[in-house]
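Down below is the structure, laid out as structure tokens.
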Amino acid sequence: EVKLGFIGGFTGPIESLAPPILSGAQLAVQQINQQGGILNGQTLTLLSADTTCTEASAAINAADRMINTEKVTAIVGALCSGATIAAANNVAVPAGVVMVSPASTSPAIAEINDNDLVFRTTPSDSYQGEVLANLLLSKGINEIVVTFVNNDYGQGLSNAFTSVFEAGGGSVAANLAHEDGKADYRSELGSLASSGVDTLLVLAYADTSGETILRQAYESGNFTQYIGADGMVGDRLVGAVGADVLEGMIATRPGKPDIPGSDIFSEAAAAAGFDPNSVFASQAYDAAFLLALAIEKNGSADREGLKEALRSVALPPGEVILPGEWEKAVELLKAGQDINYEGAAGSQDFDERGNVPGIIEEMVVRDGAFRTVGLIE
Amino acid sequence: MSAIIEVRQVSKAFGSLNVINDCSIQVEQGSITGLIGPNGAGKSTLFNLIAGTFAPDSGSIWYQGQDITSVPANQLFHRGLLRTFQIAQEFSHMSALENLMMVPPQKGESLFNTWFRPSDVRAQEAEVREKALEVIEFVGLAHVKNELAGNLSGGQKKLLELGRTMMVDAKVVLLDEIAAGVNRTLLQDLIRNIQRLNTERGYTFLVIEHDMDMIAQLCDPVIVLAQGSVMMEGTIQEIQEDKSVIEAYFGNDAH
Amino acid sequence: MHLLEAKNVHGGYGGMNILNGLDLAINADEIGVIVGPNGAGKSTLLKAIFGLLRVTEGSIELRGELITNADPGELVLKKMAFVPQEKNIFPSLTVQENLEMGAYSRQDNYQHILEQVYHFFPPLADKRSQPAGELSGGQRQMVAMGRALMIEPSLILLDEPTAGLSPLYMADIFERIVTINAAGVGVLMVEQHAKQALKIAHKGFVLVAGQNRFTDTGMNLINNPEVAKAFLGG
Amino acid sequence: MNTQWLTKEFGLCMALAVSILLLMVFMGSAYGIRVLVEASCYAIIALGLTIQWGYAGLFNAGIMGFVAIGGFSAMLLTFPVNQGFWSSDQASDLGQAFLKLLGAVVIVWAVVQLRRLSVPRSIRLPLLLITLAVAYLWVVNGFAPVTQAIVSQHGFIGGFGMPVWVGWLVGGILAGTVAYFIGHICLGLRSDYLAIATLGVAEIIKAFLKNSEWLTRGTLTVSPLPWPVPSAGEVGFITARALYLSVTAVLIAIIFYLLHAAYKGPWGRMMRAIRDNELSSAAMGKDVNQRRLEVFILGCILMGIGGAGLATFNGIFDPNGYLPLHHTFLIWVMVILGGPGNNLGTLFGAVFVYVIWIMSEPVALFILNTVSYFGNLWFAWEAPSDFASRALQARVFSIGLIITLVLRYAPKGLFPEKVQQYS
Amino acid sequence: MNEFVFFINNVLISGVVIGSIYALGAVGITLIFSILRFAHFAHADLMTLGAFFAFFLTALFPAIGPALGLPTAFVMLPLAMGLTALTAVYLDKAFYKPLRAQGVKPIVLVMASLGVTLMLQGLIRMFMGTSSRNLYIDDRKGIHRIDVPFELANRPIVITDPQILLILFLVVAVIALHLFLTRSKLGKAMRAMSDNPDLARVSGINTQKVVTVTWIIAGSLAAAAGTLLSLDVSLKPDLSFMLLLPIFAAAIVGGVGHPYGALAGGFVIGFAETLSVFNWAVLLRPFRDQLWFDLPANLAFVPTEYKITVPFFILLAILVWRPTGLFKGKVL
């Protein structure tokens, strides 16, 4: 039996985002086991633990349990950037365990002194912020007010966005942090509206503050254009706030590029019963699949050598492996050939810091749902 | 003799109710002064003012020739002014003996001494325990010394209240109805001991009481308080003969 | 048949027994007075009778009906009233509300009794709408008595009703007790003003260590030199 | 009587020891020791609370604020020096901002002292308010540009690179100092009023630490913090953690001894007296306010030290992690279950509750997985897709259940406070 | 004029609404606090539970509301209140009553209520998941945009249906509760019981009934608070837990044991929040030309990220000024 650990924020601010992400990773594991298992027919199991997202000590504890108790080979996760940093610095790096995060978008991840053990399958926020800023500028939106959830995710994204937006000639009339999960944001919205700008960028999670903020922004009647980032994308949000209200809302998210892997994943996910468009689900799939490939390549469930193996299976050169093509990959590896995984969420070619080049999806709410209107690379 | 306690034209109101009205009394050094008066006359309130539990609205209070009007209760204790409470204020989660042992100021009440001079602390603690055992024997509570004070009977709590004033050397002791609820036979012992403390150690007592036998045995002079001011002052005989006092306090058919 | 009869009562707090086989009986037209040293178990006995404390052995009967360990609420309906020694008022309720609580179990109009109580304790009338917690010691005692009188009890248990009362009221209360007793109300009271109380008592009980040491008429007890010396202050 | 208690306490301790052993066996010793180290840090914090509540009856619900201060100080003093910042202009700018702060404090103090010159209150109060407002604006505007520059150019000012024990010590002292000021304001309040006031203070401290990015990096967290003993990367998890555990164990032993001596003696008796009846203690010459302040500060010092130990052990300073409600009450439950006013009970409670807290997650997961496995096997029941994440909610439920059950059967705590007996 | 309307919307209406929510929660807390003598931490979860009851009832009969012209959940409120009251009574039977019977200190009850909080939270989330829901199912929230009859004002005053209902309900509930406690026999018995439970029994007060009635009132008020709040924002399993601190603060600021105090406390805290973060520059902007200094873009007392501390600063200030709250609350 080969074990992978999945650590994520099952409780706390992203608790409703987490389940589909886990499903993404589980899908990969399930496919691998159906296609003959790992390392000569062993089963691959995926264990999960809760980081609570906000609490570093819980994240460390979860990682510790995975690494020291369950003795997993590698970890998929964590989701929230703070949790990833905490888990990496305090457990994974000292223990020499590879972590692949499907969802930690904070630029700070790249700065961990990680011995090359921390990877992620989603682009850094610095990139998303940049893309979003340029996108808005190109649409002629020059004045904006921003509110971001007061944590590493919101703050990182807001910093990235603001610097590019202002450098490009836009003006951020107000940039306010807000606390997550409160019942009421009218006063924050009041502060934002007091600048007189009616374009509102919300960098938060749809499930907690995001929905409430949008609802109350609409009620206040002070804003006409809403903009969001990855945390806000979710069709439930549209249903909850009202399709007519959000019509025309602009959003971005780390996207599924227009590559074959994306469609393959979508079909498999739909068959497995979860929404393939859920945020970070495809990234989680890639993370789990990549780790499995790396273990296969490494030839054992040991932690040593895994990080090199991971790079080798993720990067060219080599035969292209698409999502779900486990048997093929195993055969190629057995034959001693190089492979290059091209995943569901992107080509997943890690750079020297473990980051992947991003693809950002531009989305707009139309007819009651978020629709992808373009891909920005 | 000189006045050890002097209350000068003190007034105190709770909301719109004037409880003490321009009241002046003097307690002579070495006397056992009685303070009587109808229910609600303001006797206990006067005690609270003297002992620093309340601050007066106007007027001043003097103790040993010094103005103590705004001196807090705990400092008065260290200057030898002790009091009991009419409604017993025991330390209900401590044993009866501990209720007594907590009274004397000790070196061990400082953390520094506790940690760095343990032997001094222990020695003093032993002394205090001896003393407390003596006192508890005296007030007749020896058999319940390890009982939680909160579980004592009404009268036992009052006795404990009295016992606390015997734990340290005092100059003035204010006793607020210690007889209420105390068995009369035991009370006789207590009265004798109060007299002994008075004569042997020169304690001054100010005693609130409704039990005239006790006042008669113990007090001279007696001050009558009515509606927050002094109605009259004199020996117990004088007072028991006074018409207005009889009217206000004793009732026509008593004694 | 006795109004109240306690036979061989045992009981206490937690593990320890305070009452060790106590007997006591009074008739409907009688005043019973319990005296004894502090901590003898007098208050404990009253609490036990009123169902505030578990009786582990023995029985208590009201007009021949067994009321051992009955619920206090039921006893109130049977027109029994009790004034505890300590904590006998509701401090944050006004005086008037305290008295109204005494009449809680009454469905009828009790206005006249309220007036009677005020009449009997004039200081309370002035303080009707003052929280009882702000009263003086004696005034609290009056509120406590008044509250118990509100149900017009046929048996009233009083735990040191005169403690802290001025001589004026003390005399009054004893008088009043005689009057209400004459109207057919049984009275069982604990007193430390033992001589005055025993004077009006039909029956006196001297309690020591949870048992009756002496049971006799009030006058006999006063005149008993042994009792007088040991319990009545000579 | 006495021996009965002994066997009960002994039995409970043995049971705890056995469950820790089981924990080690099932979860691996690295993880087991880790739980113990964290529990020991919590135990220090809980001891701080037990002297506040158990000894003196102070309802401190702001524990997390002081724990956070401890963690902050451990971070600030021990984190490596940020050379970039210290060699830049911002360092001296920041110094100037602090001078402004100092100046403002002096001016406000001076205005307060006008009282001595018998300036009438009607003039003093408006003057004070105006001075406060102006000083506030002045200081805030003095800090804003510097701190913004620091955040954008250097992230934060970095640490002082000092030895870990200095960080812990200062953590205690800093928490104690803050407690001194808070105590002055709040200790006049009665039980629940004090609780909510301290809770507010904790929120304020947390908000400050979270939003002062120039000082703490705010939500971006600071890690890894240096350890007082060789770290896991150097000697492996088990050895490193065992060494760390020995440090905290020694610390606990010292604290325990000191507290025990104080509690048994006149000091403890005085504190209990104040807890029982303030009015009467004052009449017996005890300076109630001073003593409560003393015990409040002492307790907060322990909380600060415990917080520092916890932050260092976790290697991260994360102001978000100091969730006031959950953690404050975790510690409260430790004290109440263990038996307030009983140091041994508090230690027991800390370890017991922490083990439950930690183990509830895997246990809940295990149970639900078993249920879904057999459900699948026997009834062909498909677990819902988000079952695993729901399973974790069961943790919350089971902790609640355990707390209520233990309280139900041991309402005075497992090790109740003993009345001191004298022969 | 626009600026003034902006002020009304953002300070007055916001303050009243958030204050009402705090007050409605605080009323229940203050009641339990004064009668059962402990800080009931599970109150916020009773609120959530009540809102969930309302949600289910709404989901069962979504069409009732539109037919009556009221939000369905509001029509269902009495039923939800009843269910929550029942739950509260049984929670008491199962968890608090045995403790009371043993005569424990209040703190133990506080801890037990914390245990109950965790249990309720766990249960709600286990069965309901964690996502947020909308209490409007077939209907939509009515938003009233009232145009101000002044020439220069082109912004409307905005208020929503649930906000109006909330305020109305609050006023009725608080007055009714106050009258009940001070006028009715049972209400007085409740206060008596909180003063001295033993004497209450001696007086023939059925203490069990008093406790039950307390829970019924507290439970139904909690359900109402939760439902009205969820109508206004959205229904989340941990929504009201976030409100717990301000609600307690409101109860304490007002002075424990006084329904009017809870009302005052709720509004103090609500307004403190809205006022402290309000950007006063907005009101000054029309006079920009007359001012001798440059108007900064933001002129608020505190930055919004510190808003969370505002209630507590107010709380501290009020408690230092009046140690038992605005209405001289009880000390237990």
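Read from first to last, the chains carry the letters A, B, C, D and E; within each, the first residue is number 1.
What we mean here is this: a residue touches a chain if its C-beta (ideal position, glycine included) is under 8 Å from a C-beta of that chain, and two chains touch if they have at least 3 such contacts.
Owing to the predicted nature of the structure, the values given are computational and were not obtained by experimental measurement.
Fewest steps needed to get from subunit A to subunit C, stepping only to touching chains, is 2.
Under the touch definition stated at the top, subunit D and subunit E share these contacting partners: A. Among the remaining chains, A is positioned farthest from subunit B, on the basis of C-alpha centroids. The mean-CA centres of subunit B and subunit C are about 28 angstrom from one another, to the nearest whole unit.
As a whole-number value, the distance joining the C-alpha centres of subunit C and subunit D reads 52 Å. Remark: subunit C and subunit E have CA centroids separated by 46 Å (rounded to whole angstrom). Centre-to-centre, using mean CA coordinates, subunit A is 33 Å away from subunit D. Chain contacts: subunit A has residues 11, 15, 150, 177 touching two or more partner chains. Counting partner chains per residue, subunit E has residues 129-130, 303, 305, 308 touching two or more of them.
Residues of subunit C in contact with two or more other chains: none. The full set of touching chain pairs reads A-D, A-E, B-C, B-D, C-E, D-E. Touching subunit A in their complex are the following residues of subunit E: 6, 9-11, 14, 17-18, 21, 129-134, 140-141, 143, 145, 155-156, 158, 160, 229, 233-234, 236, 238-240, 242-243, 273-274, 277-279, 281-282, 297-298, 300, 303-305, 307-308. Listing the residues of subunit E that touch subunit C in their complex gives 185, 188-189, 191-192, 194-196, 198-206, 257, 330.
On subunit B, the positions that touch subunit C within their shared complex are 14, 17, 36-45, 86-87, 140-141, 144, 151-156, 159, 177, 180-188, 210-212, 248-251, 253-255. The part of subunit C that touches subunit E in the complex is made up of residues 50, 52, 71-73, 76-77, 82, 84, 87-93, 97-98, 100-102, 104-105, 147, 151. Here subunit A touches subunit D in the complex through residues 10-11, 15, 18-19, 22-23, 48-50, 54-58, 60-61, 64-65, 68-69, 71, 82, 85-86, 89-91, 93-95, 106, 108, 150-152, 155-156, 177, 273-274, going by the rule given at the top.
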